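Have a look at the structure that comes next, please.
We just call them A, B and C in the order they show up, numbering each chain from 1.
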Amino acid sequence: MTALASDFKANAAKALADAELQRALLNVKRGFVQKRVDAKARLPEFDTLRDEARAIKLHTLSHLDLYLDYFERKVADSGGQVHFAPTAADAREIILKLCRDADAKLVTKGKSMVSEEIGLNACLEEAGIEAVETDLGEYIAQMRNEAPSHLIAPIIHLNKETIAEDFRRSHEGLAADRTLGSAADLVAEARAVLRQKFLAADVGITGANLLIAETGTSVVVTNEGNADLTQTLPKMHIVIASIEKLVPTLEDACTILRLLARSATGQEITTYTTFATGPRREGDADGPSAYHVVLLDSGRSEMLGGSFNDMLSCIRCGACLNHCPVYATIGGHAYGSLYVGPMGAVLTPALVGIDHARDLPNASSLCGRCEDVCPVRIPLPSMLRAWRERDFARGNPKFREKTALKLWAYAAKRPRLYHALSGAAVKLLALLAGRSGKLSWLPFAGAWTRNRDLPAPEGETFHQLYAKRTQE
Amino acid sequence: MSGSQANRKKVLESIRTTLGANAPDKWREANVRHRLVTHPSGTIPARSLGNREAGLALFSGMLASQGAEVTRVRDPEGVVKAIAAYLAKHELPSELRLSEEPVLVTLPWLLAPKLTQTYGEPSASDAIGLSRAIAGVAETGTLFLVSGAGNPTSLNFLPETHIVMVDEGDIVGCYEEAWGRLRALYGEGTLPRTVNWISGPSRTADIEQTIISGAHGPKRLFVVILDERSP
Amino acid sequence: MTEVLTAGAPLVGLFVTCLVDLIRPSIGFAAIKLLEDAGARVEAPLAQTCCGQPAFNSGDRADAQAIARQVVDVFEGFDYVVAPSGSCAGMLKLHYPKLLADDPAYAERAKALAEKSFELTRFLVDVLYVEGVDATYAARVTYHESCSSLRETGSSWAARRLLQSIRGIDLVELPDSEACCGFGGTFSVKYSGISSAIGEAKARTIAATEASCVVSCDLGCLMQIAGKLSRDGKKVQARHIAELLANMIEAAPIGGERI
């Protein structure tokens, strides 16, 4: 990943000026928003299920140690093995060792944000192991050495012409004059190329949308079926998931699954929802002979019970991104983080520290639409404010900003002074604006007037006029 | 203490410390045990609670809208004829790879002599796969398939065309009912290596949000419902 | 000004809001007219300045709390507190109790204030049972739903109800009405590029309705929208909902040329 969260302002400016990106972002606004509305309309129980899902998640989080313990036992009972990874480095070490023990040369990967979080692919490549993303969007992002730009639609920012160029450059041994004009052509070629990888892989690594304690099960949802080929064909299946993915029972999984696809893409359910429990059993016709679940902490345990506890309920549906006015104008890469949009603005500072990501929670109008659409009702705006409080307490805002705020607050706490100063200020501004009623330029107001006119004040304050009126 | 035991301790202790749960707490433990043992359901959508005919119609309708082809037949002979007709209609090969489920193996294949059958784990070149679903869920037109001796999971994903047979009596209203059946079959808290929920053919919308079938899994899904109830 | 005291008429403290106070006082007077016409007595105490949102949303909890205490002190004597603004009313209703929850001297008082604080249109309809207004505006109007009036004060229905009662009005729904205009208070200057881009999308949607006027419950949104429409050369006027409801439309629209 090349972009950094600390370069947000510069990256956002670039994104705003990127015409192709802006066109692609329209797809997000138009497509996903309406699809969610339609899906919700088809399921009258939707909002009730949201309340239940939230309750399930919060209950699990407050008993996480106990459920993890139980999950581990059930995985062992079915012949698998759980590995706890306190840090990203631990997770990499564990997975690398497993791959080496399996004498792996080629690893196929189902989509996993957590595996990107820990930098797994680079680690494997360095060790001489080829790691191939199999989710089509992630495959293309990997080809371009780019981070995904959306939680569930990784290459929403790319058009098919760009992708065709990438394919011609990366896929060797194919006819140079072959047609790659349509999305169907591209998918067909990717299918053929990746099939070879699926069949040859020694190890398959997937993430998990959910982990189920009751049965020791990992759950992966896809529309493509890539995760299934990844976790069924090789001799070893490794799951990498963060600890908060756990839910207690199969029924709890059903409640959440009823919300996940509907909130993400507006589908009733994803094409494939796969429940994996342990390795192949004796007598099974196929399946991996080894099943490992690597549970990553990396900052999650510290969030429990605190101001950001509820962020751990996130089921990674992407609804908040799809409805966020900020995301809609700058796209995912501007955030300089794996986790983008409102959920990324809350989670990223928790994982990398507010000092390195302060723009993310600050760059929000706090419109609240994210909380409106979150399937597990995470109070995202409150958490954005909570980060702003920490940011302010650490003295991070620039001098100019802090001073302006201090001056304003000083006056606001002293009504007489405030009224006197404001009376003078609005008189001046009204004079400057004259008959036009607006100002297209004003010293120190460039941030507003660069792209907008500033409506001029009427010339007297309400309190000045009110005092006059009540004297009559 | 081994590295992995140390890691385990670190993570669990960090959790307990943050939650303020370092002392054993029988109420917390009882909470967890209770939920795991009673596994209460959440709200079941009303659409899943219809009668048998409504469920069947919902199941077929949802699958069809999700890109699958669905048909209902009255007897095993009908299953074979439907499969033969489907393959002919779409000009597909006549070599079938079946799972070794007895109910599939014992179908009256002689009624369709042009079709050939091989069994078990598919090779990369098998074009048509035939499996049996252990259950169907009307709620979202979802098939439950399980791994086992004779049920290769790869059969659900490798071949370009996937045909699934499901018994009408195994079609239930909601996911929870299907899980209930699996619990009865495998025991509480126990599942086979793989349970696949399949609700349509493979697809992707990653490229410009255009939906294309056959991303990695099957391009086509054909579901045959065997309804042997007397009319 | 003669004042007719009606026995039992509720005493409403007008929370002017800093934007109305500084930029467009006529909104405050429109609010007073609407409230008095509906049978309330209205006073606008001098000792008010701001609800504290700029501090609150910037993470300056201490200043936000200080200002909140000041507001509680000034307004708790009234039967009701009404603001011609969803965001300021939301601040008093939803955020003050949480801000002052740990202050034993103010916790209960903040809760009491919250319960009697309202956004203007919601108050008129739900508390004063206003069903319609005595106003005329024969033109196409579209309503921008400010995020706070939508999500914090629940004013959607009340605002539209009152607008629909205006004689001659051609009220058209604004597509994507739940989308933010991009103002967000200090956000509009701290991240002005992003704020403008969001405002651009909103301005385009408004212009596409071919309405001659856009109204909203929040002056901040209207300044953003008017500023964008004006810079883009669009002819749509912007007014606060109170101005139309009170039939006080003689003044120039927001950001518009003086008459």
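Descriptive notes on the structure:
Criterion: a residue touches a chain if its C-beta (ideal position, glycine included) is under 8 Å from a C-beta of that chain, and two chains touch if they have at least 3 such contacts.
Since we're looking at a predicted model, the values are computed, not measured.
Looking at A-C alongside A-B, one finds more C-beta pairs in contact between the chains of A-B.
Ranked by how close its C-alpha mean sits to the mean of all protein C-alpha atoms, the top chain is A.
Centre-to-centre spacing of chain B and chain C amounts to 54 Å, using the average Cα coordinate of each chain. For the pair chain A and chain C, the distance between C-alpha centroids works out to 34 Å.
Distance between chain A and chain B, defined via averaged C-alpha coordinates, is recorded as 29 Å.
On the chain B side of its complex with chain A, the touching residues are 4, 7-8, 10-12, 14-16, 18-21, 28-29, 31-32, 35-36, 39-43, 45-46, 62, 66, 99-100, 120-121, 124, 140-142, 147-154, 156-158, 174-176, 179, 189-210, 212, 214-218. Those residues of chain A lying in contact with chain C across their complex are 9, 12-13, 16, 325-326, 328-330, 362-369, 371-372, 385, 387-393, 397, 401, 405, 408-409, 411-413, 415, 418-419, 422, 425-426, 434-438, 440, 445, 447-448, 450-458, 460-463, 465-467, 469-470, 472.
Listed in rising order, the residues of chain C touching chain A in the complex are 1, 16, 18, 20-26, 28-29, 44, 46-50, 52, 54-61, 63, 66-67, 70, 147, 151-152, 178-180, 182-185, 187-201, 222-224, 226-228, 230-231, 251-252, 254-258.
Chain A meets chain B in the complex at residues 27, 31, 43-45, 48-49, 52-53, 56, 59, 62-70, 72, 74, 78, 83-86, 90, 94, 134-137, 140, 153-156, 159-160, 163, 183-184, 186-188, 190-191, 194-195, 198-199, 213-215, 217, 223-226, 228-229, 232-233, 243, 248-252, 254-255, 257-258, 265, 268-281, 283-287, 291, 295, 297, 301-306.
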